[in-house]
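Two complexes follow with chain A in common, the first pairing it with chain B and the second with chain C.
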Partner chain A sequence: MSTSLQDPIRTAVLSATGLRIATTAGKEILHDVSFELQPGKILALVGESGSGKTTAGLACLGHFRAGLTHTGGEIRMAGSGPSSNILDLPEPERRKLRGGVISYVPQDPALSLNPAMRIGDQIMEVLQVQGHGSSDAERRARVAEVLAEVGLKNDDAYQRRYPHQLSGGQQQRVGIAMAFACRPSVIVLDEPTTGLDVTTQALVLQTIDQLAELHNVAGLYITHDLAVVAKIADEVVVMLSGEVVEQGPTERVLYQPQHDYTRKLLDSVPDLAGKRRVGRTSVITGEQPVVDPRPAAAEDRTRREASANFLEVSGLRLAYGSNQILDGISFTLAPGESMMLLGESGSGKTTLSRCVAGLNDDYSGEVRLSGDTLSAGTRARTAEQRQRIQYVFQSPFSSLNPRRTICESVEVPLQMSGKMGRKERRRRVLEALDQVRLGSSYLDRRPGDLSGGERQRAAIARALVNAPSLLVCDEVTSALDVSVQASIIDLLRALQHETKMSMLFVTHNIALARHISQRMAILQHGQIVESGSTDEVLEHPRHEYTRELLANVPTF
Partner chain B sequence: MTAIDSPQLVTQETKAPPGLLRRLVAQRQAKIGIGLTAAVVLLALLGPVLLPVITGFTSTEFTGRPFQPDGVFGTDNLGRDVLSRFLDGGLRLLAYSALATLLGMVLGVLAGMTAAYAGGRVDSLIMRSNDVLLALPSLVFALLAITVLGPEGWVLVAVIGITHAPRIARVTRSATVDVITEDFIRAAEMYAVPRWKILVQDVLPNITGPLMVELGLRMTYSIGAVASLSFLGLGMQPPTADWGLMINENRIALVIQPWGVILPVLAIAVLTVGINLITDSLARAAANANVGASK
Partner chain C sequence: MMPIILRRLATSVLILLAVSVLVFVATLLLPGDPAQAILGQQATPERLAALREQMNLNDPVWQRYLTWLGGLFIGDFGVSAASGGAVSALLGERIGASLVLLVAAGAISIPVGLLLGTYSALRRGRAGDHIATGTSLVLAALPEFVIGIALVTLFSTTVFTILPSVTMAPPGEPVWNYPQQLILPTLTLVLVVTPYIIRMMRATMLEVLESGYVEMARLKGVPERQVILKHALPHALSPVAQVVAIQLAWMAGGVVVVEFLFRYPGIGQALVDAVTNRDVQVVQVLAILIAAVYIVVNLLADVVGILTNPKLRTGGAR
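Here is the complex of A and B:
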């Protein structure tokens, strides 16, 4: 990155050099970050949460979030007036750049679109603010044009829709249309596909790729998903706690990583083929043996013959009004078996797992545990039944009471199920924390002191403290970074080996299949469209939906 | 980076911004507020005790003719020492306001949390009866109750407490609604923790921020309400020494002997402003973890 701006061969549209950003309290967040954006190319900024990738991305817009100040370095924009350093411009000047020359696509379209404004008007607004075009008619034509560019319908009826009338993927494409509306030369994309399912993600990525190339736009793609990087980026910058640890062309960084951290990051990405082994790398995970479904499955088979089905769900139905969430779900689970429930958002997978755990009590159908039919709500179940099925929530940021210590949170199941004394409970809690590789030092800390991964471990400890025979994991890794995800998956596998419990692993990430489950069931619109052993489903998918899913999984 | 998604920052950040109370005290406004409030509260608390030392008179003793400049601040409409009455008159006001606020908080928080947690019909029932109470002007309600039940201390406390309750219930309900959608409440449900225990253990500690703000706000209103009811002759009855009553008794001679009005007015004003400053700072400290950090 020593090439200067004036270099005729490499004409970077935007170049950041020696960028330093610190908190107002004086702690430096970005240390000397430099990168260049080339027209028509996409640069991916990769890193985990807290690595400063979003901060760096926003700096390209000349924006610093509250509590952050710019302490050094510059961001130069080719041909942006007398002073090409964006960060030297006064705020009103910077505001003019944003949305016009440099635009931004935020992470969650559902939050960034105004729910009370029609989408056509929202795109219009950008054009009006930027003074694009000379008349309203011209601007209107541009709105129609840009909607077509992102692959949406552009008739009047469509433009008159409100954001809630669009799907997540369509909303994100509207967001992209807004960003592209004024024909920017730089576009900053902040994890635009994180909330989308694989099929939609593939479409959105394709749209971005095409538009960037077609209009010669330089893209800065902020993400933590390396598989997406492989698909879309031309160059990669890997960041670790505010520092660039590696940068270069995508092929080189992903296939011949130089830095230890990049290698670690790459190793923790789950893959469909099971080539990589999530959970064997040095620091990120423990010494869990190769995650291989076959021997475990074979071992199960003998046991399955010996005992009846451990969990049996039959004809489960649930509707909210006219919206049929679950439409006759039936499956069985053998003792010690791990099953993946795969589905996109809205497929009813969380509702299903909550029905099994008794958190949802207005379903019809039957859930049987070792032959006994379970009542619908947890309060109606016996203490023993409650103890046998445990549920781990999706977000560790919401599942632990911030005002109670880890020990107080984890001991709740013990308090409710037995007459154990305080000391005995504390001992059991400590054992459970040991199982999830958290030490005694965590007992009296509050969730606020813990990282996401640590919190999720504590939440798993709460589920384990009563020695359950079935663990229901609802998207337990979707709020976490890949390396943390790897260690949690690793932990769950190890725990399953240790305790021989059954596991229902609910997820939208098909790439995890070989790393966690022996069997899988695929859910679509509240129905199981395909189920079978992991190998069977992945290698010989029978349903069209499964095939589509498999085809759209980004891999590298 | 928000504190939540950055493991490295978490440990650091939790050390840096301390608890609500520290963040409160870190603000200059709060310091002023605490100073003002403490001054008036001390005066009201110590006044009755130090009365014999400072003036040598009790608050109901006749020391001379009405509206004369005898003693430090002169005499009142019946010839009693103004300073003595002033020193003696604050404690009751404070005690009644505090009790009324407390009663209002207990009723309001119970009603609000129950409504939010139970939802459905119970929620509608509680909140609609709330609306009925809110539709009644509080002063009219107080007049009615006091006329029927007589101007007793407990009536005063009950009436003011009950007029506060619906407003506190509304705040509590909206704060609770935010908390009960969190997964940790669902987790407690899953372990069949008794409902009252969920409210006490999991909900209440998480809504203390808005409740503390409401507490401060209601306290100022209580002081105003007790003082105005006394002023109207419906609160404390003569010859009791009371700031509200003093204003009423002495306002006829505002020009000749202003101290009988100025002292209690000043005390009530300082107290109200002080508590308001604390409340404001508290609201800010509750809303923003970085308050006072940069100062």
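Here is the complex of A and C:
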């Protein structure tokens, strides 16, 4: 409290100064990181994967993951005595701070809530451990109270639920309730909305914002999503490979960035209005040409009327038991056209794209390619039909065989057609790698040596090697950092322009719409609730659900 | 939760029935005639025919199967061809003796295995872990008779002579009246079974300790002891229960070698004798019994799995 008397303006609850953390092998991964958390304010810690933001966040709780050690600097809590460096405290003392004074909201509640404990008990546990309240009855009342605060039901039946009986958004709110249960003065939020759809994200952000303000809690919000930062944070710290490169009020950092890296990061965030041109950013996509989707769209509209529909899906239905996944889907796609299939998790968008590609064969309804009805599964389709539709999977970390070189992975489709010799195949692979801007040096490397973006490029090369006429991209950028996402979007746009192939771009990220697609279809509960040209849908949404989605997109 | 267990129980009964058919058919296919085996080579054809009639050997196969199966349910296991006495009387004592061995070995090896496995996981990479994993690997690699002989050499013959190497209870007196004689057979079984439990427990515990909810529990300020007992242990148990079940089941059948080694009067020895004497009735009953033990312990493992995983006993997201 003495600090507040001396310095009424900056009354930091928690301040990290010169924080250094290294691996036990001696490699430093946080270099001299400093920041301060103010009560009632939220500080956003922004950076890409591997920048050390989670490590810094966990250090605030005096926790280091296995293999990491603290090598310098301190973290001080205001008002906890003269020797208030958390990192000097013995483990039992630190444990008393955790959950009580400083709490943590994890990235993925599905992994971080104990699956075998009822949610009420999990919140109860933190209260008991911290000795909050004087009796169990009092603690139980607090559990009910905090559940209501995060906007969940708080009756006994609800408290007796297990985590798997809740949706992702509800699980995350249980995580937040757990963090707020003991009325902490600092709360560390580690990407709490990654993996949630926009509507749920908006709700969760609102809850965090309200609670932080109401209880005067200082928040450290770790994220890579700048749109979320704009919405929630008062101050921003930008991190790049373990170093703070820029720091300041949100307004200034986002609208007048000083550091090059911040500018690059900002440039690669897709926006709903399509004003920012993701992918033009110099370092990230360097030599790539910029393609504007809109002229192509106009051109396409005339072509659409002239030529027959290239892909026609009609009355597609699929159910697992009583669960109707796809409920009568019909749409068409013109040659050279790019269409976005937008939907939240569970809307059936991945199932739909798998049906089109023939990876899922128990659907009813019709998929026609250039007028020919395709058989249900890939096994029943001809080699030529299979070659014409290619699929790119969501995670490049699991879709490439780690034991095969890039060349071996990419040439598989060519081997399957069985017509080419080894040399010819290698030449075609090289061509495909050139198309995705990976050079010949990648031919004999393995996925383990590649970054996420490079792997996704290799996966796209594998789809391109047979010169398909339809590319199905299933959430291809959701596992990637925002700057890498920008380069992949840029690449897909350029490829579509070069090869004139059609594209189905499946995503939950509506902000990408103007950057990739000429038309879009919005999926909800296995039905297309709205479709039309991208501009039409975004500017004049007709369906209630589309309007709701648009209202919840964080923008800046 | 009950419906799942009942369903498993129903499957178990079906499996047991299938096993009984297999066992019955397999013993039918054995060469030799039980009547001949009882009466010996010098028997007159009239006596053979009379005995066949008495043993219902002339009935159709399915009828004999059903009679036999019905007998199993009411505890009438038939007549031993070798001794002429009731199988139940012959086996009763031996089943008891084997059960004592099995329960003693299980009661020691399961807690020891779980404790050492957890200890190993918690001290990963340190001396204690290396000693525990190294020793268990060596023991797991040794066949049970080698361990048994080594123990006999160590404790009853060459080095020390403090424990009896064979079981010599007078007939009719239960084995547990001579607890000293139980030590070596039990110890052999424990040394065979525990290493697998330790290794499995260590592996699953390591996985669980890396999980998000264990880290979250630590970040909630939960004391380490409670983190292990409340958050980590329940999740590690379910896969280990499967291994324990397999080990217990193995003990029911694999006890043969150990019982033979120590001249222990259990079902293993009875089985060896019965096979030598073509005592078909006894072989059938023992085969069914061992199959039943397999099924029961696996069922128990499934129950442990269901108890530790609420997803299996409650519905999905609502």
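One rule holds for everything that comes next: the second predicted complex is superposed on the first by the 536 of 556 C-alpha atoms of A that agree within 3 Å, B and C clash if a C-alpha of one lies under 4 Å from a C-alpha of the other, contacts with A are read in each partner's own complex, and residues count from 1 in each chain.
Assume contacts are C-beta pairs under 8 Å (C-beta built on N, C-alpha and C of every residue); 3 or more make two chains touch, one makes a residue touch a chain.
From a predicted model like this one, the values you see are computed outputs, not experimental measurements.
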item	value
Greater chain A contact set [chain C / chain B]	B
Partner chain in contact with A:T378 - chain B first, chain C second, else both or neither	first
First, second, both or neither for A:K27, with chain B first and chain C second	first
First, second, both or neither for A:L61, with chain B first and chain C second	second
Touched partner set for A:F393, first chain B, second chain C, both or neither	first
Chain B versus chain C as contact partner of A:Q165, first or second or both or neither	second
Touching partner for A:D108 - first (chain B), second (chain C), both, neither	second
First, second, both or neither for A:K96, with chain B first and chain C second	second
Chain B to chain A touching residues, read off their complex	1, 3-12, 14, 16, 182-184, 186-193, 201-202, 205-206, 290, 293-294
Sites on chain A touched by chain B in the complex	24-25, 27, 29, 49-50, 52, 54-55, 67, 241, 357-359, 378-379, 381, 383, 386, 391, 393-395, 397-404, 409, 412-413, 415-417, 448-454, 462
For the chain A and chain C complex, residues of the former touching the latter	58, 61, 63, 65, 95-100, 103-104, 106, 108, 111-117, 125-126, 129-130, 162, 164-167, 178
Residues on chain C engaged by chain A in the complex (per definition of touch)	211-213, 215-223, 226, 230-231, 234-235, 308-311, 314-318
